[in-house]
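Below you'll find the structures, each written out as structure tokens.
In what comes next, chain A is part of two complexes: it sits with chain B in the first one and with chain C in the second one.
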Partner chain A sequence: MLRFFPALAVAVLSLPILAGLAGTVVPAFGYLPALGGNTFSLAPFADLFSQPGLVRSCIIAFASGVLTAAISVGLVALFVAGWGQTRAFRFVEVSVSPLLAVPHAAAAFGLAFMIAPSGFLARLLSPWATGWTRPPDWLIVNDQLGLSLMAGLIVKEVPFLLLMTLAALPQVPVTASRRLAMTLGYGRVSGFLYTVWPSVYRQIRLAVFAVIAFATSVVDMAIILGPTTPASLPVRLVEWMNDPDLSARFMASAGAVLQLGVTLSALLFWLAIERIAGQMLRLCTLRGRRFRTDALARRAAFTAMALIAVIVFGGLGVLSLWSVSGLWQFPDVLPGSLSLRGWRQTIPRIGNPLWTTVTVGVAATLLSGILAIACLAREQQTGRSAGNQALFFIYLPLLVPQAGFVFGLKLLLLYAEGGATWSALVLVHLVFVLPYVFLSLSAPWRAFDRRYEAISAGLGKTAWTTFLAVRMPMLSRAILTALAVGFAVSVAQYLPTLLIGAGRLVTITTEAVALGAGGNRRVIGIYAFFQMVLPFLGFVLAALVPALLFRNRRAMKVA
Partner chain B sequence: MPENSSPGLRLEKVRIGLNSRTLLSVDHHVGPADTLTIMGPSGSGKSTLLAYIGGFLDQDFVGEGRVICGGRDITILPAQERHAGILFQDPLLFPHMSVGGNLVFALPASVTTVRERRTRAEAALEDVGLGGLFDRDPETLSGGQKARVALARVLISEPNFLLLDEPFSKLDMQLRDQIRTLVFEQASRTRLPVILVTHDESDARAARGDVIEVGA
Partner chain C sequence: MKRLLAFVAALAASGVPAFAADPDVTDWATVLEEARGQIVYWNAWAGSEQINAYIGWVGKALYERHGVKLVHVKVDDTGNAVSAVVSERTAGRDTDGSIDLIWINGENFASMKRQGLLFEPGWATHLPNWRYVDAENKPTITTDFTIPTEGLESPWGMAKMVFFYDSARTEQGSLPDSADELLDWVKANPGRFSYPQPPDFIGSSFLKQVLLETTPDPAALLKPAEEADFDAVAGPLFDYLDEMHPYVWRGAKTFPKDYPSMSQLLADGELDITFAFNPGEASSAIANDLLPHTVRSFTFTGGTLSNTHFVAIPYNAASKAGALVLANFLISPEAQIRKQDPTVWGDPTVLSMDLLSDEDRTRFADLDLGIATLAPDQLGPVLAEPHPSWVAMIEQEWAKRYGVAN
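Showing the complex of A and B:
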């Protein structure tokens, strides 16, 4: 029976994407009988290109992708090179890693609450340093160049890339290479970049591509932090898609095709950057440039990493404080009074989105867990590791921009009149949850000492008993952590939930972003608080359950 | 007595290969309470031979030949029906179970009542000099104690034969003699055929059986 699971997983990962892409491309050329499009034409594209500011929207999306990736990769490389295997590294790793579980929208709100003209940073400095008694009339959040948007993306993608890098490092003889390079007189940073980084980068390359694909097509962060006149392309797509005039859907589909093009060109541009950077690195290596004095670069990398943790966690703290604040005037650093009014008003309305968030998240996560475990068990049975092909399928949902295929999927669902159902939402979440569950479970699964299973079989236990009584309990911590990661991913989903839920199924995340426009800081604070707390609870459970089950078993504790 | 119903463990033209290269081949009979020692350096395929006999050969390797246990061809059986008692270099006690839990897990299902199972496990611990440790966390035991529990776990499962994969190599000198003596004592008491792979001459001497050198 196990043999069917890998095919099922590939189907779960690729069929919605293929169907969605078809459902995007065909209406883009005017064909969608349900909406009266019976002939193929280029009219949707003509409509699209007559939209004002379209080029600017595309450039913002393109630049967010490329710059976010370049800065995040650069920072992670510099940080790992300069600080790897030090105590400071451990400290930053521990403080930055939890950021991975914070939904993009919550991180964006946190950032906005820190850096806005009336935000916490301005209050800290006012009026004694700045002289402001009213918030300055500056456009920091939603700035024209999209700098806040990129900052928001960077603070979310750096933890992701850092964790991917940490997972890749054990495959490389880091300590030996470092020592060798240092005895040859190379600086800490250059020695690492010359000897270790190329093989690490090769391993995290798909993750970098995923960052680019995500950053070029992100909607929730762009709504909260991005420019408005014009907004970045993916945000405008959503507006067109939700236009009450149904014929705008054709243009929206054409826009989604354009989005695919923007993402693809950002990826191609990145390939060129990879080449140039690789050449430069090789040239420095060949010339034997030592770069022995690298203290400045190291300190800069450390400061940037620490800043990311401080700003986001500070921002989340400020958000939570807002949710219970009474009157909080500028430039007061702390609210003048505390009040539960916001909570009293919001609690009655939050039950429904909360229920949808939790049930959809739990369902998608459990299904992903079963699929991932079955595929890994099958891989072990056949003795074939899944290899690059499988890795491609796992990354597929992360490489195709959501906007590109979820639109098509929505149209297809409309067509099949199976629209906003709970199970459709679970299936769409499954597409995005499964890759993360699989990626976080596969390493510990493959690292399991199979001699335990040999012993168990020798004791006369069936494969099933061995699986349930030996492997599952011994891997319980890893499995539950992977499920917690999956749940966090599900909670954070914005665009798929917005489009497939079609306003009838709303989650904490879609509500938070929708309320963001209203600007009521107390309500935003409450929703963002739930966004943080749900994934956090998942991780707490993942840590507590094995700790309680195996409370007297020292070897079952985290190393 | 016809040859194919003889007691003990018979390896008939067993060959272990990797990518069309033969690593080792054995043709030998190990009688009850006899020990066959396979000596060789690492990479000679001796551990792989044990995997083949126990029924969990890695897909990368090729195994040929028949393994006959008590007159029955077990080559075609899955691992859980061969009842191979295995001891590895590491004790590999299941970390999520108590010491006694490890033994109870190993006890054949024919012992049905919970009380009887516990009594049997406690007696087995007594046999290896660890009476009273039933409820302990395996991780809190010393290296020597862990090795004893691993031995007790194998024996209580009533295996058809023992496969020893350098089980003494990680123990320090003094402990090593102790555990080695205990293992061979218990093996001969239970009249099990034993196959030991090692690269240590003193192991081979202590085993007092036939020795086959491979990969030299």
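Showing the complex of A and C:
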């Protein structure tokens, strides 16, 4: 029974992607009988390349991927190097980690509410410091270079990479290496980068690739923060997909193929950056450059990290305040009056999206949990740990741009009856949730002390009993945390939900982005609030349930 | 296991659509009976929370009275709904379609009518509440962007382009009274005006307003754009925009997403003049704490764009009876009074006061239209919509010229 699960997991991860890719590539060459395309042709690409501003849209997508990754990786490396194993590090880690659970759209709104010319920061400084009684006509949000978009991506990707790095550190002799480097007179930062970082980076490399793939193809953040004249490529793909003129669908498919190319070239470019950075690091190492005075770099890294936490959580706080504000004009720092009108209007209509969000999220998460546990149990049974190939399949949904295959899936669903069904949505979410559940569960699962199981077996218990009565309870905290991560991932899904749900099945996230376009800050505040609260509740449950279960088991307390 | 299989089979069977003939609108009692228990998927633009809240109220009333369950499928562009119906037809899904009712007008209606994607002609004029509709004095109810409606769509509300300003910041005397004066005003007040980025329908409507005022050949606009010399008719519009763009908000490098975003920018003090397609918009926004109470409305004495918005039923709708009941409810005096209330939405009615009962007429008259709403006689003349084909042409040209800003 158990032996089928790894194959099943691989199928769940790869079949929708392969089918979706096929469903994208074939219409890109004009063939899709359901939409009246019966012959192969290059016309969709000709249409695509005649679109104004296409090159710029591609460059924005490309740059978002590469720059976001470079800055995020650099910041995380510098921060861990400069502050690892200090109390300040712990503080920042605790304040930045929850950002991982904040959906991209909510983080983007939070950022926009802080940095816009009429945003909170400008209000704090006006008019006493700036002299502004009206917001300046400055292009900050939706700027043409996509800087706001990149800032938004960085604040979301830094926590992700930081957590991946923290998970990788225990495999490396950090303390010993640091001590050695210091005794040889190297600075804190350079010592870490020379001795520890290369082996840490090797472990987080796939995660960095995932960041690049995500950033090149992000839609929801780009709608909120990205440029509009023209928009980045993934945003335009969605517009073409929704064009009343059906021939635009073929062009959208061709655009999705182009998107695959943009993401791939960003990844290839990154490989080149890796080489150059590696060479530079080696050169510095060989020359013995010690960089003993690195206080400035350390402080900059700390400030940047703290700033990320302050801006996003501040933004989310401001958003929450907007949800209960009356009229709140510039430059007032606080709303003139409070009102529950927005909540009263919204609450009766939030039930449906809330229900879809929760049921789809729970279903996709539970299925992922079962699959992940079964695969890990099988691995334990055979004694063979999943190799690089398995890891490749797990990362596959994170490396292929969503637009590249979700488009194809949607077109394939046209053939199937119904289309926008709840189960189709769960299946699509499963593709994205399973990798995260597996990744967060595998480390604690493999680290489990198997002597407990040996004792159980020695007491004559069956494998099942041992599994249910020993391993599951002892790992309950890790399992629930992995499920909470999975649920957060499901809540945050935008493009798959938008395309597969087709407006019939809406979640808090698709609603938030749709309403965000309308600029009603109270409503954005309410939806962003739910976007934050749902994942948060998941993590609270994951922390509370074991605490209750094991309230009289001292060894099971959190250290 | 067997039992589970049987259960799944039963589930699958229950999903098979019952093939029924299209409802007969003239037999209303049967329509009502057939509608009971149906779910109506209504694809309606959802960019404004006041409108969404109103649709929520409609759903509740509809369920209580007729047992019809309304699902508001929120769209940000009605074109999406049209493309969904087109792709269903191409895929051969001629019954049991996913959309039952579409909030529609103009080019989307024209496109669906041309492709034969709409439920039978005349259904709208056979609705019981049609007797209250002011088809006589409101020509846009029977002619949608120059296209005869032929009862293929049922009117829902009236729209007229109205501008807004904050009287606390801007002198009434300084306000422009035509597109040309607006251009001068924008040059004198750089960064304080913008319009939603086309193809947003309010943004495109602004382009049409300028087109109507600047074109040397207004008659050409009533005919399909393909028949006209586009550069001659629309050239002045783009000269106008070329002249204006250096002075608009953010230097025309980005635009507001839609009219609610513009209202927010007016409240923030970023913009000084905004506009909407609803004379009650400002009062409604004031009542909802979205705009300060000092905001007022104005129009151009030469007239502003005006039209009617409708609901239509796709030919393959799964719940036609339910959609009919919903369309009929939307033109009931009760629903129309609530819609015109600025604390709810403030959208003008399509009904004729003369055809209403005394009681309903009084309820309309008692509505406080709000401090920022102009009286009907102050709204200025009506400019008729150009032929729908112009929209696509000017949107395309716009994207070519301004879609890639420097």
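The rule is simple: the second predicted complex is superposed on the first by the 558 of 559 C-alpha atoms of A that agree within 3 Å, B and C clash if a C-alpha of one lies under 4 Å from a C-alpha of the other, contacts with A are read in each partner's own complex, and residues count from 1 in each chain.
Here is the rule we use: a residue touches a chain if its C-beta (ideal position, glycine included) is under 8 Å from a C-beta of that chain, and two chains touch if they have at least 3 such contacts.
Bear in mind that the values here come from a model prediction, so they are computed numbers and not experimental data.
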Comparing the two partners chain B and chain C, which touches a greater set of residues in chain A: C
Contacts of A:Gly351 with chain B and chain C, given as first, second, both or neither: neither
Which of chain B and chain C A:Asn242 touches, first, second, both or neither: second
Touched partner set for A:Leu459, first chain B, second chain C, both or neither: first
Touching partner for A:Met556 - first (chain B), second (chain C), both, neither: first
Which of chain B and chain C A:Gly131 touches, first, second, both or neither: neither
Common interface residues of chain A - those touching chain B in one complex and chain C in the other: none
Of all residues in chain C, those that touch chain A in their complex: 15, 41, 43, 46-49, 52-53, 56, 71-77, 79-80, 82-84, 86-87, 90-91, 98, 108, 111, 190-191, 197, 249-258, 260-265, 267-270, 288-292, 399-400, 402-405
Residue numbers on chain A that touch chain C, as the complex places them: 34-36, 52-53, 56, 117-118, 133-135, 137, 139, 142-144, 227-230, 242-246, 249, 325-327, 329-330, 337, 339, 341-342, 345-346, 348-349, 352, 414-415, 418-420, 502-504, 506, 511, 514-515, 517-523
Residue ranges of chain A in contact with chain B within the complex: 382-384, 449-455, 457-463, 466, 469-470, 473-474, 476, 549-550, 552-556
Residues of chain B defined as touching chain A within the complex: 51, 54-56, 58-60, 78-86, 88, 90, 92, 94-96, 98, 105-106, 108, 137-140, 153-154, 157, 159, 163
